[in-house]
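Labels for the chains are A, B, C, D, E and F, by order of writing; each one numbers its residues from 1.
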Amino acid sequence: MFKYIIDEDLELRLISMEDSDEFFNLIDSNRTHLREWLPWVDGTKSVEDTKNFIKSSMNQYGANNGFQAGIWYMDKIVGIIGLHQLSWYHKNTSIGYWLAEGFQGKGIMTKACRAVIEYIFITLGLERVEIRCADKNFKSQAIPERLGFTKEGVCRNVENLYGNYVNHIVYSVLREEWV
Amino acid sequence: MFKYIIDEDLELRLISMEDSDEFFNLIDSNRTHLREWLPWVDGTKSVEDTKNFIKSSMNQYGANNGFQAGIWYMDKIVGIIGLHQLSWYHKNTSIGYWLAEGFQGKGIMTKACRAVIEYIFITLGLERVEIRCADKNFKSQAIPERLGFTKEGVCRNVENLYGNYVNHIVYSVLREEWV
Amino acid sequence: MFKYIIDEDLELRLISMEDSDEFFNLIDSNRTHLREWLPWVDGTKSVEDTKNFIKSSMNQYGANNGFQAGIWYMDKIVGIIGLHQLSWYHKNTSIGYWLAEGFQGKGIMTKACRAVIEYIFITLGLERVEIRCADKNFKSQAIPERLGFTKEGVCRNVENLYGNYVNHIVYSVLREEWV
Amino acid sequence: MFKYIIDEDLELRLISMEDSDEFFNLIDSNRTHLREWLPWVDGTKSVEDTKNFIKSSMNQYGANNGFQAGIWYMDKIVGIIGLHQLSWYHKNTSIGYWLAEGFQGKGIMTKACRAVIEYIFITLGLERVEIRCADKNFKSQAIPERLGFTKEGVCRNVENLYGNYVNHIVYSVLREEWV
Amino acid sequence: MFKYIIDEDLELRLISMEDSDEFFNLIDSNRTHLREWLPWVDGTKSVEDTKNFIKSSMNQYGANNGFQAGIWYMDKIVGIIGLHQLSWYHKNTSIGYWLAEGFQGKGIMTKACRAVIEYIFITLGLERVEIRCADKNFKSQAIPERLGFTKEGVCRNVENLYGNYVNHIVYSVLREEWV
Amino acid sequence: MFKYIIDEDLELRLISMEDSDEFFNLIDSNRTHLREWLPWVDGTKSVEDTKNFIKSSMNQYGANNGFQAGIWYMDKIVGIIGLHQLSWYHKNTSIGYWLAEGFQGKGIMTKACRAVIEYIFITLGLERVEIRCADKNFKSQAIPERLGFTKEGVCRNVENLYGNYVNHIVYSVLREEWV
């Protein structure tokens, strides 16, 4: 029910149980595309797994610990954007996201990220936002680069992607740079 | 961040920690008005009490057990609407609401309720929605009556309102009547 | 071990693990009779399900949230009576009950209810007791009517009984009427 | 509400919130007598402490882990009897009890213990019941001795009684000896 | 990683997940020997069961409730020693232990117990340590006897060993006797 | 009781309740020194705060989520070393540490880190270890540099140090580089 409207085609909807079928189908029809960079794809075998993800995302929101939102484009779910590791004390967080095949290159994720960052700095009042991308995931890197993030370094072998250890480029933007 | 837009002046926002000050101030400046029918007003003494209410409302959402939303009119919070006693098994729920003084008589609550009922029947797929009003709270009763609810009966002495036991009129609307 | 003696033939026993076999057998041999009005009968497939019910009933008691008691007639368990939705703040509760086939018409449930209501008003000091009966369950309605309850209204489609939505007649008696 | 009737003067009542005042008053008017052998007396300063004890006793029952019952003599509470350390796997438990001043020497505790042991062997089906008494608490020792328990040994310095370490005599009776 | 070194051949290591395979293999190759006196052997069917034991032992340590340690002899795990029923209030605890076949008669367990008792009296500051042995388990009894414990009595039928009820000899040593 | 011996003067001891006084005194007599780089110093006002830290560290160990160990030099506690953010799935973790004034420059922390890294790679089998140091904390940086870590980048404004936001240099070493 609750959404953040970005423009007439694009909105974020707080993830919710009633979207589980549509959300699972999106993953199920994008397996090859998604598993290139996302470690949880093979573990998502049925709509029950998606429901468990939604349940834990609702718990995350319920614990005042950030959110996961569906990205809806022309009234269809096309991806997810959300917060990881929100620290109220150190006033920072990290954004994660993915988009289904065929929806890249339309500026969808750049707009979605911009909206979420606005919310993080203006509404939540945090000091720092991080985005981490695998060092060979050039499409993902294009987002923080387009949004003016600073590349801070490369964390080596930091993610287990189906048995291969992948490097992460760390990008960040500070409140004073954004506002 | 997440809202449901009703019209250009009116929206519902999922209740959230960042609204605690504004929300407490609304209650604090409406004490006489609110305590006439709401049993929790005297127990809301500081913004900490409001934060605890928000925390438990976020937990309610996180447990997939309904929601509480702020009613925002011309970008100011003017009241609350939410679900009580959602039964997924029996497919019914109950709506509760209140509005600050000076905002009644503008159709705000009727529109807010209509939006929530839409959501309950269409998105959640429930079978029955209940509204309960104290039998002397005529302004509150006007809402379900305007929305075509059926008056089902009067539960006597069912609410402890600062030591006085108050009767509730029970109204309901069924899915088949609404859709 | 702990019981409430009503007369020489009839007593209530706080529900307890050691009764699980006898209690499951009672349900198992009354399936057709019980499932006419009780939504949980089909889900009670083995003594394990009955043990889970007893466990949750013991938890209910342990949380000071009411009780479930077996109705024992001539030293055999013949039904259950218990409290739902006990509100210490609003000082009200609701009674639920059922009886095995062949034990109706002997005044057993009327006596059992009277004992429980006595306890609710005198010992617990509550203000209101509710009994809800399906609107076609005339045998169940006879109990509150015989005990002088007031019929307050009919809640429509409020119970999911194996896919059919059933109306509830709401009866209540107030402390001032009883004592 | 729930009781076990021993004879016309004597009954056990499952401990319950509604008895908290009467139960606290009993302790409060027996402090000197009780603190001679009971380590928790000084920590019971107000009826709130008694309510916490009752709450934890109700939890014990709710977890199917034994019970605590008030001993009622001529309709007044005069003591407590209950189970400690119930092991369903090893099928044994231990009984604890105390009586207010002036009620000893009437056979009250012997009858209460006999009822509880009956319940442990017949209803619960356990194999062994233990009673432990401080080695200088001769009144307490009289109970297991009168009931035919076997004295198994003396555990030295096993209880902290306000800073003094007290020895426990261990008594037991086996199922095969009792039934 | 964390160990207590007893001598150049012998050390205790706080039980830890990384030892699960080696620990399960020890049990698995000693089934006949161990099940003579230990009730949990038949329930330890796979390394998963051992992991659950380690998990609950780590929880025990995490709750400041004592520990379980592997006994390592010449760099191989040969048994377990740990605390049961630690009471901070009454300042006592009980030691449990077992050794694989072929490692008895070397003084291993006597040294291990002495180290643990030292820790209990000197570091934890308790008043009493108990060891309980089945009355026919003469090898186990040799440990407390060699360490100067006092035999306090025999608890009859106190342990369910695969359906047979076994007596326990209770031994103890007091702080004042040890230090 | 459980320790890891590094050399005759230096050992790590798994943090434990019995060290709370000695550990609090160490912090209390090093406040000026420690608060330069550690955000929790001002919040540690009494031994109760230290006990809460120890309790949560024991919980961390009990949940198989890494450990915190006291660094003991010549039988006195002089600092802490421990793991943060252990991911069993991604097989990486992060080391944190501090040393009291007057104990720096003796190679203590370099040896302690080396021991912990050994344990992480050899015993736990992880793939990556991270150390993060404030960008002006040159003494801290000397440790990963001396141990051959790679400097991967600088995370800006990532730590709230009493209201100032501090940059972290991220260092790491990989399993393949270490072993």
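Operating definition for what follows: contacts are C-beta pairs under 8 Å (C-beta built on N, C-alpha and C of every residue); 3 or more make two chains touch, one makes a residue touch a chain.
Labels paired with UniProt names: A, B, C, D, E, F = GNAT family protein.
Bear in mind that the values here come from a model prediction, so they are computed numbers and not experimental data.
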**Asked** To get from subunit C (GNAT family protein) to subunit F (GNAT family protein) along touching chains, fewest steps?
**Response** 3
**Fill in**
Output for shared partners of subunit A (GNAT family protein) and subunit B (GNAT family protein) reads none
**Request:** Using the touch definition up top, find the fewest steps from subunit D (GNAT family protein) to subunit E (GNAT family protein).
**Result:** 1
**Prompt:** subunit E (GNAT family protein) to subunit F (GNAT family protein): how many Å between their CA centres?
**Reply:** 32
**Item:** Separation of mean Cα positions, subunit E (GNAT family protein) and subunit A (GNAT family protein) [Å, integer]
**Value:** 50
**Request:** Determine the centre-to-centre distance between subunit A (GNAT family protein) and subunit D (GNAT family protein), using the mean Cα coordinates as centres, and give it in whole Å.
**Result:** 59
**Message:** At least two partner chains per residue is the criterion; list those residues in subunit A (GNAT family protein).
**Reply:** none
**Asked** In their complex, what parts of subunit F (GNAT family protein) are in touch with subunit A (GNAT family protein)?
**Response** 39, 89-92, 127-128, 130, 150, 152-160, 165, 170, 172, 174
**Residues of subunit F (GNAT family protein) touching subunit E (GNAT family protein) in the complex** = 1-5, 12-14, 17-18, 55, 58-64, 67, 69, 119, 123-125
